[in-house]
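Down below are the structures I want you to see.
In what follows, subunit A forms one complex with subunit B and a second complex with subunit C.
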Partner chain A sequence: MVGLSAGERQFIHGGIAQDLRSDGRQRLQFRPISVQTGVIPQANGSARATLGATDVIASIKAELGKPAPLQPDKGKVSIFIDCSPTAAPVFEGRGGEELSAELSVGLQRCLLGGKSGAGAGIDLSSLIVVEGKVCWDLYIDGLVISSDGNLLDALAAAIKAALSNTGIPKVSVSVGASGEDQPEVDVSDEEFMQFDTSGVPVVVTLTKVGRHYIVDATLEEESQMSSAVSVSVNRHGRVCGLIKRGGTGLDPSVVLDMVSVAKHASETLIAVLDSEIASAEAIDDDDAI
Partner chain B sequence: MMRELHVSLNQTQRVRLQAAFQHISDIGSQASSGLLVSVSDTIPVNNEEGILKGHGTSERDGQVVATLCGVVERVNKLVYVRALRARYKPEVGDIIVGRVIEIAPKRWRLEINFSQDAVLMLQSMNLPDGIQRRRTAVDELNMRSIFEENDVVCAEVRGFQHDGSLHLQARSQKYGKLERGQLLRVPAYLVKRRKQHFHDLEQYGVDLILGCNGFIWVGEHVVPRDNEMVEDQESTLKDKEQSYTQLEIRQNICRIANSVRLLSALGFAISVDAIIDTAEASKSSNIDIKDMLGAEFYVQIAEREVQKRISLLKKKRG
Partner chain C sequence: MEYVNPLTGFRLDGRRPNEMRQIRGEIGVVAKADGSALFEMGNTKVIAAVYGPREVQNKGQQMDSQALVRCEYSMANFSTGDRARKSKGDRRSTEISLVIRQTMEASILTHLMPRSQIDIFLQVLQADGGTRSACINAATLALADAGIPMRDLATSCSSGYLCSTPLLDLNYVEDSAGGPDVTVGTLVKMDKVTLLQMDAKLPIEMFTDVLQLAIEGCKAIANYIREVLLENTKKLECMRGS
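Entry: the complex of A and B
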C-alpha cells in the first residue's frame, strides 16, 4: 500500500533501532490524541478520535430487541467497522472490506469478551429490560476517515469515548403484561441512563520492526512490520484480549514481554484518554447549553 | 495523499492562536498586492471590453465572479483564478522531487503531485557514475540499477511534449536518487520558486531539498559521488546497523522535518530561513522533537510569525 524506497526503509529501521522515529518520538510514545464527543446528533452516543493524522468516528445506536434464548439475562452488542474511500483510494468499492472485517473481528475480541459475554468491557446484564423478553441491542459502528496507521487503537479509543457519551433512554414496562406475551414498553424521551465505561479496555498495538517493537506505528512504519500484537488492557491492568497479526512468528518469551510492555504503555494511554474524554464532554455540555 | 496534522488546543491556546491569525490577516490586508477571492466573489474588471474569462471564473448578471478560492491573475485580457489548494502546476526549470511508480521502455514514470505522471527519459539523464551512456539494449535492461520502483528522485522540469505529457531531466550530479532520509508532502503553494532549492545545512549535516511540487526531502548529507557505484546488495544485519544514520544527525533530520510539518500545518510559506528559524526556536526553548507537533509550540510559532511580520512591516515603512 505504501511504497517506500530502500533508502527510506533503512532510515525507518535505523530510527527504530536508535529509539528516535521519523517524527521524533521514542519507541513507546504515542502521537497526540484528541477526542470530540457528540459528533453525530442522531446516534445515542458518538465520538471522533484523532491520533496524529489517523481520524476515526464511532457511533452507538441502541435499539430494543429480544435477548438470545441461551442468554435470557443479557443484551447484545455488535461492532462493525467501515473504511471510507476518503481515507485511501484502495478502500473504494469492495476494496476496504478485508481490512474492515479484520478490524471488526479484532475489536469484538478485544472489547466484547467471550461468547457468553463474560469479561466484556460493557456489562451486558445492564442492557436487559425484561429478562428473556426485552433488551437493548447496541450497534457500534466505526468509520475510518483518514488512515495513518494504528487504526485498531484509534477505533478502540473512539468507541470508549462514544460509550461514555452514550445515553440509553429509560424504559418503563407496563405491569399488566404477563406470561407468554411480549410486554409493552414505554421509552422515555427525557430520562437517560449512562453507562459505566470504567471497565472498557483500551487497545495497545505493538508493531515489531526489526528487533524492536513500537507503539502507535504510522502507515510508513506499519508497512515495515514483521508482526504486530494488539493487547487490550483495562484500567486494572488486566489483559482482556490479544491478537497477533502479520506473517512472522514470535517467540513465546517475546510475546510475554510485549504483553507486559503493552500493559505499561496502556497506563499512560488510559490517563491521556480519560482527560481527553473529560474535556471533550465538558465542551459538549457547554455547547448543549 | 496529503495527511493533515491535528492539534488539540486548550481554551487559552485557542484564544492566543485566534489572536495571532487575526494579526496576520490584518497585516496581510494592509500589505497585500494580489487580489484574493473566494467562491462567488466579484472580480472587478472595470467594465473593460472583451474580457476573456479563464479558469475559475464565470459570468453572473454581467459580472465576472470567482468559482474558486485563490488569487486573481491577469494576462492582458485574460482573467483567471489561481487556486491555492490545488495540484502542482509545473513550470519549465522547476526543481521537483518525485517518486518512481513505473519503469516503461526507455523511461521512468514519476508521481509528482501533478494531474498526470511525469516522464523521465533514459536519454535525458546522466548516469550516476558520470560515464558516457551507450545506447544499447543492455543499457535499457539495466534501468533498474539506476532507479527502481518507489525510489525518490530529484529532477528538473524540462518541458511539455506535443501530446501534453510532462518531461523531466536530470543532467547533473546534484539530481538523482535520494536515500537515507524522509520525504514529506506539503501543499505545493507553500513552496515558492527560488534561486536555490538544494540546501546543504552544514551546521546540521542535513540535506534539504524543497521541491516546487511540495515534496520535501530531508536527509543525511551526502557528498556528490562521481566515481564507482556502491555495491552492497547483500550486507549482513550487523553491517546494516553500523551504516545507520548517526543519532545526532538523525535528531537534526527529525527536528527539521517536524519544522516543515508544523509550518505546513499552520499554512506558512516554507523556505529554508523559516525552517531553520523554527528549528532553532524549538532548540532554544528546549522543546523536545516530538513536542514540536504539540499544541503549545504550534501556538508559539504562530505568535512568532506575527512578530516577524510586524517587524518586517516596520522596516518597510522605514
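Entry: the complex of A and C
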C-alpha cells in the first residue's frame, strides 16, 4: 500500500500533465533497464532484469514430458510467477498469491498465444522430440525480488533474456522395438540447442493517470492510475496480446490510440533490450572462459 | 563414498576439512526495504529484507515491553536441483522461520522498541546446503543495514563429521551423506551459542571438536560481516560528502 499525501498526489498528476514526471522522465520514457544472464547456474537458462528499483529473476527449466493429446506436434510451456515477501511485506504468507496469479496469467496471454499454441513467441514445435510421445516441457519461473511498479514489463523482459540464455540438451532417440512403448531417449550433456528468441514479444504497459498515459510507471504512479493497458508487441510491430486492468472504463478510441502508442514505445524498448541482452551474454561468455 | 580423500585429505569440492566455502555479502539489494542484504556461501545464495521497526499490523500481537520480531523463510521454485512447486508455509520452512526468528531475537535489543514490529523476510535463490546458516548471516547484515540496534553480530555456520573427520560448512552432497550436521549460531563477541541443532548421531568426545569447529567458522564469518559493514559505512560516509 502506498501512502501518499494530497500534495504528493497532485504533484504526480500535475507532473504527468506537463510531461515531466517526479523522477524527471517524460511520459513515454522508460527507466534505465539492465539485464544479467546466467544468474541461476542449475537452471537451463536464467536472467535478472532491473528496471529502476524493480528487480526480477526469471529461470527456465526444461524437462522431458509427454505432449498433450490434442497437440501431438507441440511442446508445452508454462509460466509461474512468485512474489517474494522481500519485495513488500504485503506479499507475506498467502498475500502475494493474487498478484502472482494475475501476473502469471497475464504473461501467458502475452507471450504464449492462444490455447492451441498458435501465435506463441516461442516456436512450440521446436520442443518436440518424438511426435506424440516425447517433448520438452519448459517451466518458466519468475520471482519478484523488489517491486517498484511495472512488474509485467520487467518480467517479460527477464523472460525474453532468459530464453535467449537457454540451452536445451540435444536428444538422440533410439528406436524402440514396438511402436507402442515410450521410446528411449539419450540426453546429451555436451551439446545444446539454442532458441530462436527473435519472435518473443516485449510487453509495454501504458498506465492512464488523469487524461494522459505513461509508460513504465513507478509504484507511486501506479497507485494513481485509473486504468492500464498492457500490450505485447513483437519485433515486426505486431500486437501479440492485450490486457486491460483497472476499474475505470476506457473509450474504444482511447484504447486504439493506446495500442498505437504502445507499439511505438515498444520499438525503443526492443532496441534497448536487445543490446542489453547481447552485452549480458558477452559478459556471461567471458566468465565461462 | 569417500567424502574425504584418504591420501590428500581434500574434500569432494577440493576444500580442506576445516575450510569454509567462499563467502560474499552485499548490502542494499532491495531498494524499497528498510534494510536488505545478499549472502552467498559457495553456491547457496539468499536475500534478506528487513521492514521496520514499524507499527504493529496485527494489534493483538503488540507487546508493551518489547518489539515484535517476525520472520518468513521462502524458497524460490528454481532454488533446488529438480524443480518443484513449493507450497508456502510447509513444515520445513515454518521450522526454519522459527529458528531464525529466535536467533535474531536474541541479538536484537527488542526492549528499545516497544509496541513496534520488525519483519525479516528471507528468500533462498540457490540452495546448496547450509541455507539456515546463510539466512542468519544475511539477516544480520540486513538488520544492520536497517539500523536496528543489536547486542552483537549473530552469525551461523554448520559443521559435520564424515570419514572420521570433522568438516566445516557442509555443502548439499556432504549434508545428504547421512552423517551428523551440526548448525551453530553464535553471538561472537559475547561468546554465546544462540542456536544449536544436530541430526544423526555422533560420539560425545567428537561432538566437542565438531562444535568447536563450527564456532570457529562463526567467528570467521563475523569478521567478514564486520568488514562488509565497515566498507558499507565508509561508502555511505563518502556519499554524504564529509
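Definition applied: the second predicted complex is superposed on the first by the 286 of 289 C-alpha atoms of A that agree within 3 Å, B and C clash if a C-alpha of one lies under 4 Å from a C-alpha of the other, contacts with A are read in each partner's own complex, and residues count from 1 in each chain.
FYI, contacts are C-beta pairs under 8 Å (C-beta built on N, C-alpha and C of every residue); 3 or more make two chains touch, one makes a residue touch a chain.
Predicted model, so just to flag it, every value in this text is computed and none were measured.
Novice: Once subunit A from each complex is brought into register, does subunit C clash with subunit B or fit beside it?
Specialist: Partners clash after overlay.
Novice: Once the structures are superposed on A, label A:Pro32 by its partner contacts, choosing first (subunit B), second (subunit C), both or neither.
Specialist: First partner only, subunit B.
Novice: Give one of first, second, both or neither to describe whether A:Asp123 is in contact with subunit B, with subunit C, with both, or with none.
Specialist: In the superposition, A:Asp123 contacts neither subunit B nor subunit C.
Novice: According to the stated criteria, A:Asp82 is in contact with first (subunit B), second (subunit C), both, or neither; which is it?
Specialist: Touch partner of A:Asp82: subunit C, not subunit B.
Novice: Which partner does A:Leu143 contact after superposing on A: first (subunit B), second (subunit C), both, neither?
Specialist: second
Novice: Going by the contact rule set out at the top, does A:Ser46 touch subunit B (first), subunit C (second), both, or neither?
Specialist: second
Novice: Once the shared chain is lined up, is A:Asp73 touching subunit B (first), subunit C (second), both, or neither of them?
Specialist: Neither partner.
Novice: Figure out whether A:Leu20 sits in contact with subunit B (first) or subunit C (second), or with both, or with neither.
Specialist: In the superposition, A:Leu20 touches subunit B alone.
Novice: Which partner does A:Leu4 contact after superposing on A: first (subunit B), second (subunit C), both, neither?
Specialist: In the superposition, A:Leu4 contacts subunit B only.
Novice: Which parts of subunit A are touched by subunit B and by subunit C alike?
Specialist: The overlap between the subunit B and subunit C interfaces on subunit A comprises residues 53, 55, 88, 146, 148.
Novice: Looking at the complex, which residues from subunit A come into contact with subunit C?
Specialist: 40-43, 46, 53, 55, 57, 59, 61, 63, 80, 82, 84-89, 92-94, 139, 141, 143, 145-148, 219
Novice: What residues on subunit B touch subunit A, complex-wise?
Specialist: Of all residues in subunit B, those touching subunit A are 1, 3-8, 10, 99, 101, 148-152, 177-183, 219, 240-241, 243-245, 247, 250-251, 254-255, 257-258, 261, 288-290, 292-295.
Novice: Spell out the residues on subunit C that touch subunit A in their complex, using ranges where they run on.
Specialist: Its residues touching subunit A are 29-33, 36, 43, 47-49, 51, 57, 72, 74, 76-78, 80-81, 83, 85, 88-89, 119, 121-123, 125-126.
Novice: Tell me, which parts of subunit A touch subunit B in their complex?
Specialist: 3-8, 10-11, 13-15, 17-18, 20-26, 29, 31-32, 34, 50, 52-53, 55, 88, 146, 148, 276, 279
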